[in-house]
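A, B, C and D label the chains in the order they appear, each numbered from 1.
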Amino acid sequence: MKIGKVTVPRTAISTSDEHTIVVRGRDLSKELIGKIGFVDHFFLLLTGALPSEGQARVLNATLVAIAEHGLVPSNQAARMTFAAAPDAMQGAVAAGILGCGSVILGASETAGRLYSEIDTRIAGGEPIEAASLAVMQDWRAVGKSIPGYGHPLHKERDARVDALFDVARAAGTDLRFVKIAEAVEALIPQVIGKTLKLNVSGAIPSVLLGAGFPVAALKGVPILARTASLIAHLYEEMTQPIGFALSYQATREMVYDGELPEGFGA
Amino acid sequence: MKIGKVTVPRTAISTSDEHTIVVRGRDLSKELIGKIGFVDHFFLLLTGALPSEGQARVLNATLVAIAEHGLVPSNQAARMTFAAAPDAMQGAVAAGILGCGSVILGASETAGRLYSEIDTRIAGGEPIEAASLAVMQDWRAVGKSIPGYGHPLHKERDARVDALFDVARAAGTDLRFVKIAEAVEALIPQVIGKTLKLNVSGAIPSVLLGAGFPVAALKGVPILARTASLIAHLYEEMTQPIGFALSYQATREMVYDGELPEGFGA
Amino acid sequence: MKIGKVTVPRTAISTSDEHTIVVRGRDLSKELIGKIGFVDHFFLLLTGALPSEGQARVLNATLVAIAEHGLVPSNQAARMTFAAAPDAMQGAVAAGILGCGSVILGASETAGRLYSEIDTRIAGGEPIEAASLAVMQDWRAVGKSIPGYGHPLHKERDARVDALFDVARAAGTDLRFVKIAEAVEALIPQVIGKTLKLNVSGAIPSVLLGAGFPVAALKGVPILARTASLIAHLYEEMTQPIGFALSYQATREMVYDGELPEGFGA
Amino acid sequence: MKIGKVTVPRTAISTSDEHTIVVRGRDLSKELIGKIGFVDHFFLLLTGALPSEGQARVLNATLVAIAEHGLVPSNQAARMTFAAAPDAMQGAVAAGILGCGSVILGASETAGRLYSEIDTRIAGGEPIEAASLAVMQDWRAVGKSIPGYGHPLHKERDARVDALFDVARAAGTDLRFVKIAEAVEALIPQVIGKTLKLNVSGAIPSVLLGAGFPVAALKGVPILARTASLIAHLYEEMTQPIGFALSYQATREMVYDGELPEGFGA
C-alpha cells in the first residue's frame, strides 16, 4: 500500500558492493575499523562528519554520565524479561529501552528543545534572562513542565552536572547552552515557585548542543548509553539471577482493592 | 508471586546515595565522567575492570565493524516503525534491536561458543585441527550449523575480517581464537562440503575472546553497535522519511495466493 | 529509588491464593473459563463489568474490522524480525505492535478524544454542528490534524465504516458518537478545504464510545486486534518465509545519495 | 541485500483493492464484521477456516484461562515502562509481551510439541504409556525439562486445568491430547523423581491440539491473551499509577555486593 508521496527509498548513510561497505563516504574496512573509536563512529553515522577531539570528549562524557544508575525501572524491566525469556537477550534489551520515555530519559531531548528555543531568541537580539523567561513562560502557558531540573534522589545539583560542565570547558566546545541552562536554573523559583537544581538530563543537552550534536537526535544519547548498561545487567543476570526476586519484592506489600468472591481465602 | 528460590535482589554493578553514584566501585562523577571513554565504560560495566589499551582497541574495532551495513532488515523495520510512531524513538530502536536474532546477528555469540569449545579441547591437549574437527562434527551431528562463515553478499572473505585481525595483532591481545577461527575456516569444505569464508560474525568473537571479553556477553556487541546505527537511521528518517516507501516497494510484486470472493477486482 | 509519592502498589484487577485466581471479583476457574468468551473477558478486565450483549457485539465487530489489512508496515516489520530471530515469536509480535503509533493506528484514540470533546459541548447545550465546528477549529488552531478521516487506498467512505455503523444500530448501543463522527465528516471540507471520508479509525471510537468503552483505552483495540493478525502472519512465515524477500524488494530501487570513496564499484 | 532464495513475497491471508478488503477469501466488510466474533476471526486468520462451535469454545476458554494472573513480572515490566513512557502505550504492551518467553509462557508451546511427539508414536502403534515414557526420557536425555507441570503457587493441580478439560469435554473436541497430558502427569514421578501436577501451560495445548489448533502457533495463545490483560493493566495505570511504586518496592531490600569508593555513605 502506498502511504504518502515518497516511493523511492533514499539514504546517505551507507551502501555496499561485493567488496566494499561504504559508511558516510568512507571504506569501512580500510578507513574506519581500527582507525576510529566507536563513539566517533556514532557521531559520523549520525552527522556525516568525524567529531573534533573536543566534540568526541563531550559526547563520550555524556554517554558515560547517563549509562548507569543502578536498578532503575528499565533495568528491572529488562531483568524480569530476561528471567522469563533467557533465550532472547535482544528482547530484554528492547524491554529496557522501551522505558526511555518522556518521563524518565526523554528529558534530555525536551530540555534540548527548550534551550534551542531560548538560543534562537538570543540570536535575535534578546538578553539571555529575558529570552529564557519568555520561553519558560510560553512552555508553562501550554501546560508543559520545564525539563532538566530536579531529581527524586539528588536534591542538590547532581554531581554529574558539574562534571559534564568541567568536561565541556576543558574540551573547548561552545558553552552558550551551558549558560542558558544555568539561566533557566536561576529562573526556576520565579517561574514555578520552588527551587529545582539542574539534573543530568539538563546538563547533557547543554554540553552536547555546544558540541554540534543535533537537537533532534538527543534522545539517542540516553538510548545508546542505557543499552550498554542493559547488556551489563543482563550479563550479571545470567550468573546472579534476580529478575523474579525483583518481581516478588515488588508485590510483597501489594494491596488488592477490588472485589472478592465469597469464601476467598477461607 | 514467588518464582524460584532467590528473594533478595543483589547487584555488583551500581549503587548510590544522595551525593554519589557508584559504578563498579568508582565514583561516577569524580572518577569516570570525562576520565574514560564510553567503550571503556561499557567494558567496566560488564566486567568490573577497566580494559587495557589493547582490549579497548579491539572492542572499539568490533563495534565499528558491525554497527552499519545499510538498509538491512532491522534498519528497515525501525524506519517503518518510526514512520508509524514518530513520537516514540525508543520504540523504533527497540523494533530494530529485536531483529538481532539467531539468524542475523546472533552468529557472533554462537561462533564464540564454538571457538570456546574448541579452545577447551586444545587446553586439554588436543591439536588445533583435531579439536576443531571434533567440535564441528559434534555440532553438525545435532543439526547445528557452523556459525560465522559465509555471507549473502561477500563471497570472498569479508574485508572486515582481515581489518579486525589486523587490529588484534596491533593491539597485542591473545590471538589463539583467531587461529581457531581460521582452522575452522580451513575445515569447512571437509565438514559441510563447500567453501565458506570467515565473515564478520566469526571474526568478532575470535578477536574479542582473545581480548578477555566474556563469551556469554558476545551478543551484546552487535546489539550495542546496531543501536548506534539505528539512531542514525531514525535521525535521517526525521528529515528524509522513507519508512513507508520501503513498505510500498516491499509489496509491489506481492503475490496473493489465497482465495478471493466472487466479483473481487471486477 | 523512590520516584513519585505512591509507594504501595494497588490493583483492582486480580489477586490469588493457592487455590483460587480472582479476576475482577470472580473465581477465574469456576465463573469465567468456559462461561464467557475472550472478548467479554477483555471487557471485564478493562472495566470491571461484563458487557451487555450489544456492547460485546460492537467490541467484537471493531476488533474484527481492524485486525487485518494485508502486508502493512507493521506486519512487514514483524515478518522481517521473525526471519532474523525465529526463536522468539514474542519479539516479532512486539516489533509489529510498536508500529501501532500516532500516525497509523493511534488515530482511533485521538478521534475518540475529538468526539468526546464535542460530546461534552453538546451535553452543555450546544447544537451538534456548532460544537463539532468549534472543536475542529480549536484542534486546527494548535496545529493538530482531524483524525479518523481519509485513507491512502479507500477514497470513498471505507466499507468497514458502514459495516460498523450497521452493527451499532443492530446492537442497540448509543449512537450519539456516530452522529458526531458524521457531523465532523460533513464539516471537513469547510474546515480543511477538501473532502475526506470517515475511515475505520474514526468509525471504531464512534461505535465503541457509544458502547461504554473507555476513551483512554481506545488505543488498546487496534493493539489487541493487530496482535491476532501478527500471530497469523508469523505462523504463515514459518512455512512460507518472506521476511527477507520483503526486505530485498524494499531496497531494489534504493538510491544512495551520500558520498563514495574513490574507486568504489570500479 | 538478498538473503536466501525467495525474492517475491507471497501471502494467503489478505489482499485488497480500493473497494474491498479480502481476509482469507472473504469480504471483510460484508462477510466478517458483525457476522463473526473476534476469536473466530483469529482462528480464521490463522488457519484459513472458521472454527466449529466446539473449536471456538475451546479457544475462547484457553484465552480466558491464561489472560490474567495479577501483577506477574510481565505486567510489572509493562507498568514500569508505561510510567516512564506514558505517551506510547504500544511500547508498554510490547515490553510486557517480550516476557512471554521460554520460562514463563512459552511452556504452552513446548508442552504442545511434547504431546505431538507422543501422539505420533501412538499413531504408529505404541501404547500411550510406553509412548509417553519414551518421549519423556528422550527429552530428559538431551537436558530438556518436561514442560507443563508444576507451579510456584498452585501445588495441587491448578483449578484452571480441570476447568479447561471440562470445556473440552462439553465442546466435543478430540480429547486424545488430554489423555496424553494425563499420562505424562502420571509418569512424572518416575521420570523426574517428584510429583508435579498439570499446570495451565500443559492444559492449554492438550485441549487446543484436540480442537485443531496448529502446534506451531501455540505460543500465540498466551501472547494474544496477555495482550488483553496488559491493556487492562495500562488502563488502570493511567488512573492508579503504580509503576514506580513497584520499582521502589522491588529494591527496598536490595543488596549491593560490589566495591565502594572510599568515604561512600560517610
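In this text, a contact is a pair of C-beta atoms (placed from the backbone, for glycine too) under 8 Å apart; a residue touches a chain by one contact, two chains touch by 3 or more.
On a predicted model such as this, the values are computed, not experimentally measured, just so you know.
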Subject >> Pair exhibiting more inter-chain C-beta contacts, C-D or B-C >> reply: C-D
**OP:** Look at interface A-C and say which pair in A-D, B-D or A-B is its repeat, using the rule that over half of the contact pairs are identical by residue number.
**Re:** B-D
Subject >> Chain centre separation (chain C, chain D; CA means) in Å >> reply: 22
Original post:
Measuring from the mean C-alpha position of chain B to the mean C-alpha position of chain D, what distance in angstrom results?
Top reply: 29
**OP:** For chain B and chain C, let me know how many angstrom lie between their CA-based centres, rounded off.
**Re:** 34
Subject >> Interface hub residues of chain A, defined as touching at least two other chains >> reply: 1-4, 8-16, 20, 69-73, 83, 85, 87-88, 90-91, 94-95, 98-101, 153, 244, 246-247, 249-251, 253-254
**OP:** Can you check the complex and tell me which residues of chain B touch chain A?
**Re:** 1-4, 6-16, 18-21, 23, 28-30, 32-34, 36-39, 41-42, 45-46, 57, 59-61, 63-65, 67-71, 83, 88-91, 93-95, 97-101, 153-156, 159-160, 162-164, 166-167, 170, 214, 216-217, 219-220, 223-225, 227-229, 231-236, 238, 240-242, 244-249, 251
Original post:
In the complex formed with chain A, which residues of chain D make contact?
Top reply: 1, 16, 70-74, 76-77, 80-81, 83-88, 91-92, 94-95, 98-106, 243-244, 246-247, 249-254
Original post:
Across the complex, what residues on chain D touch chain B?
Top reply: 1-4, 8-15, 17, 20, 22, 24-27, 31, 48, 69-70, 72-73, 85, 87-88, 90-91, 94, 152-153, 250-251, 253-261, 264-265
